[in-house]
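The next part holds the structures, each set out as structure tokens.
Both complexes below contain subunit A, partnered by subunit B and then by subunit C.
So, the complex of A and B:
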């Protein structure tokens, strides 16, 4: 592989000042992103009386977590969110991987039409889908069910992630699949036995993105679910009640909802980045 | 083993691009044929149609006595080597080699024996457990060759397999392919844009341009008797010199003339040029057929040296003769010569080519 050297950023500054500059800039950026999270974690550890004076008091408690975890509805919401995220990921990947492959490898009217469809749906503002989806879901009698939330999520995933998947397959040399076809595979065989294994890092990265997308999603969940299928993002918002705002409980729930993303950042980051690079 | 026959083969992409035009080609059993031409000439498309990776717009392809027009690649009993090796990145070298045979449900013991044999021929034994990414370009291409051999197909197809290698390795692999073909004589089609590869490897060379076959012949035929000006200029390095000349006949002596140049031609050329008396034709003469110094009478001309390329073994001279630039090769490396010098060059007898400026076809008796 040829070595490419890029020109340095801010070449006129002496080395030490450039280093200092980058260190400060990095710290500032990290702080900007981390501060709200740190504040949230701090809030989750304060008693209800202390939430408005997070930066002052010295009283810390795990009581918020205990109280939240004691609520059956919140446990149920966590489970629902996890199940829906997982199912949405599995089902959407089934479509996304093959549709991305089609967009990357084939030309013709079918591909163009599919591309156009995805493009249009991507351009429509996310929020304007909500109301029509509500009517559809009502009409089909799947309001406030797993399926009623799953289907829209899968649709969104397909529209958003087929493009990413197309990009991944564009980066994989198709002659590998031709070789497989000559070596005895059908077109599908070449896709399944050669193209998919080569794209596996990308597919895993995409799986993570899909999962987090659904886990974090609020708008569809708010409109398309009610009491029967509580999900975590919606339940979190329900700490805002007529009786007042339970910031401490909300923060505790939010901290727990952060965990999957946090774990992925901690352990899976390397793989996600590698996958997104191919 | 099988012969390949292409008849009236055509490939259209949409209505605008006619990539391959009426290609007829008969390749004998065990023959090694090189398809050569500039990029976009349709050679790769032709190969991919033989492989079944590209649909045929019209025409027929036969491998052996089977019409394969509509057969998928896997049923054509062929093997192919690609420019970028196309090894299965997620499999070890061993599994790469075994892939085709496993698809044929061959017994593992038999697969192992076949791989052993191929690995022995190509020196792959110590690489078998590695992944393609851990191999150099040359090693990867040897694995790709191995993948073809183990399947023992009727036909080998090569799609510019040496283009990604550096010059030294390319020369090595060329010899390796030649040796392989001698050891396992299998009908082979080799696509390349490099005329040296085509000439050195092919039993016969097929020169293509703009989707059309220009000439089919042995290396000696296409070099010595090019079918048109394009072939003459494409085959041979450095490329043939072309000079616009006019034909003059007087007192039984025929000569071609241009500014600063007057060459008398031999009797065979003279009779061919008789019909072109007084008209303009294109003189073609290869750099290696121009020698320094006064040769036979009426064959010499003066040239001004513009560039001296010292190769160590010989010198290439880029010179100017009147309005034309003329390259001369085979000048002895020790010759003291410099830019701006005036030199005497002469053309070897019987090595002149003449082309009709309109049709670009050779004028021959």
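So, the complex of A and C:
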């Protein structure tokens, strides 16, 4: 079997200079991508007096982290965000895996209607339902509660994730499910024991993305929660709006909020790339 | 009443449909109702006024000549920019080199940051007095710019921020697509000594086309309704020159406290993107079948 050579770019240059060029270009790209976050980390390490001249001065301190961790509201916000992100991920997947399966395996008027509905609601701008959503959540007495934030978060992912899940199931041969059903498995059995296990890479990819989206979501959290359920993105934004300009504290909180997202992305990227084949 | 299969089908979508009904359909109906009424705070009766709000929105010069062109320009440039950058990075990551894992992780950084925090940070980086960009410019003898208070530089920064935020998303989907392509055509091309460009142009690109088209449609719809980064970076300013359509509706509803007209604007925008979305979806279908 012939070796597949990776076609080289700039083939006229000698090998070492091409390598150096490649490395430099890579470093530049990485720097550009990471810069806002590097700057955030640097800001989080400067004392209050240093934030206006982050690039100058040599005092560095962990005091910001200590101050932030001492605030009960922030700890609470971290816990709330983690719980809501995790629950939203679990329930979003429960709901959308089955709806995507339906879109992929069945044809007929019901499927066409459901797909049309999903497509239309995918297009609706957030703005046109977030404000009335506030009234709805108020009217049902779930404003500023876990449930009141959780349910809209699940609802917002339905259209997109059903669409993606349909694509994943389209790529899986249904004959295994038919075989299971001939052997006496019910439709539910075929779905749960055969189809879901073979879609696991895709499901774990969506789980990673869903968790990250919910953890970083701002607009819902801003409008649907008040003082009882502080959420991390809202608390961070308040550091530089309502409570004055505490850039250092905002940065310290943001860096801590980045950590779980970073870990999830670090260990989850493998699954995301393996799973996201549409 | 229903056969066994219909029951199964309905049960599969029932939870999703219920949630969709309660948390999207109901609010949208409330919004649509408001768009036909004088829903301002000083009018407790909420008088029915028919299409007046719609007429007002469609004949508002700011909406027609600033907001809509901005939104379309933003949509096209943002999607094109993120697609090109994402494709380039996916091609890069698809070949093995030392440190590939590390580079891949770094390129995913924008996915990990909350967009609102990223926008706050970028506003700070481009601050005209204390921002690092101006400090560097002045250090090398150039003049600092008030980036966020000039129309086109502000628009450019919003655009760059959006591209930065969404490139990893394209990279992930396209990399997944690249890795699932069959190996044989590439091996055949390698044996024939085909140049890199021709491999890309005549093999990679056509085979990736379905993935690219789906990415573009999804992203275009999202780009059309961008809100948070514009709100945080410029708030639509200077003046109203960087206002996008979501901001226009938000300002009407939340700042002018005219929920009726805000809803009407949101519905007008929703209809535009819906038509656009259907056209794009047809296109996807045709391309996927070809």
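Just so we're on the same page, the second predicted complex is superposed on the first by the 246 of 278 C-alpha atoms of A that agree within 3 Å, B and C clash if a C-alpha of one lies under 4 Å from a C-alpha of the other, contacts with A are read in each partner's own complex, and residues count from 1 in each chain.
We adopt the following convention: contacts are C-beta pairs under 8 Å (C-beta built on N, C-alpha and C of every residue); 3 or more make two chains touch, one makes a residue touch a chain.
None of the values given here were measured: they were computed from a predicted structure.
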item: Combined model on subunit A: subunit C and subunit B, fit or clash; value: fit
item: Contacts of A:197 with subunit B and subunit C, given as first, second, both or neither; value: first
item: Subunit A residues touched by each partner, larger count belonging to subunit B or subunit C; value: C
item: Which superposed partner A:175 touches (first subunit B, second subunit C, both, neither); value: first
item: Touched partner set for A:99, first subunit B, second subunit C, both or neither; value: second
item: Touching partner for A:185 - first (subunit B), second (subunit C), both, neither; value: first
item: Subunit B versus subunit C as contact partner of A:250, first or second or both or neither; value: second
item: Subunit B versus subunit C as contact partner of A:29, first or second or both or neither; value: second
item: Lowest inter-chain C-alpha distance for subunit C and subunit B in the superposed arrangement, angstrom; value: 10
item: Interfacial residue positions of subunit B with respect to subunit A in the complex; value: 51-53, 72-74, 76, 78-80, 82-84, 86-90, 99-100, 103-104, 147, 151
item: Residues on subunit C engaged by subunit A in the complex (per definition of touch); value: 4-6, 8-10, 12-13, 15-17, 19-20, 22-28, 30-31, 34, 89, 92, 95-97, 99, 103-118, 120-122, 124-125, 130, 132, 135, 164, 167, 172-173, 175-177, 179-180, 183, 186-187, 190-191, 194-196, 199, 210-211, 214, 218, 221, 224-225, 227-228, 245-246, 249-250, 253-254, 259, 262-263, 266-267, 269-270, 273-274, 277-278, 281
item: For the subunit A and subunit B complex, residues of the former touching the latter; value: 173, 175-176, 178-186, 194, 197-198, 200
item: Interface residues, subunit A side, partner subunit C - complex; value: 2, 4-9, 22, 26, 29-30, 33-37, 39-40, 43, 52-55, 94-96, 98-99, 101-102, 106, 110-111, 114, 117, 119-133, 135-136, 151-152, 154-156, 158-160, 162, 167, 187-188, 191, 212, 215-219, 233, 236-237, 240, 247, 250, 254, 257-258, 261-262, 265-266, 269, 272-278
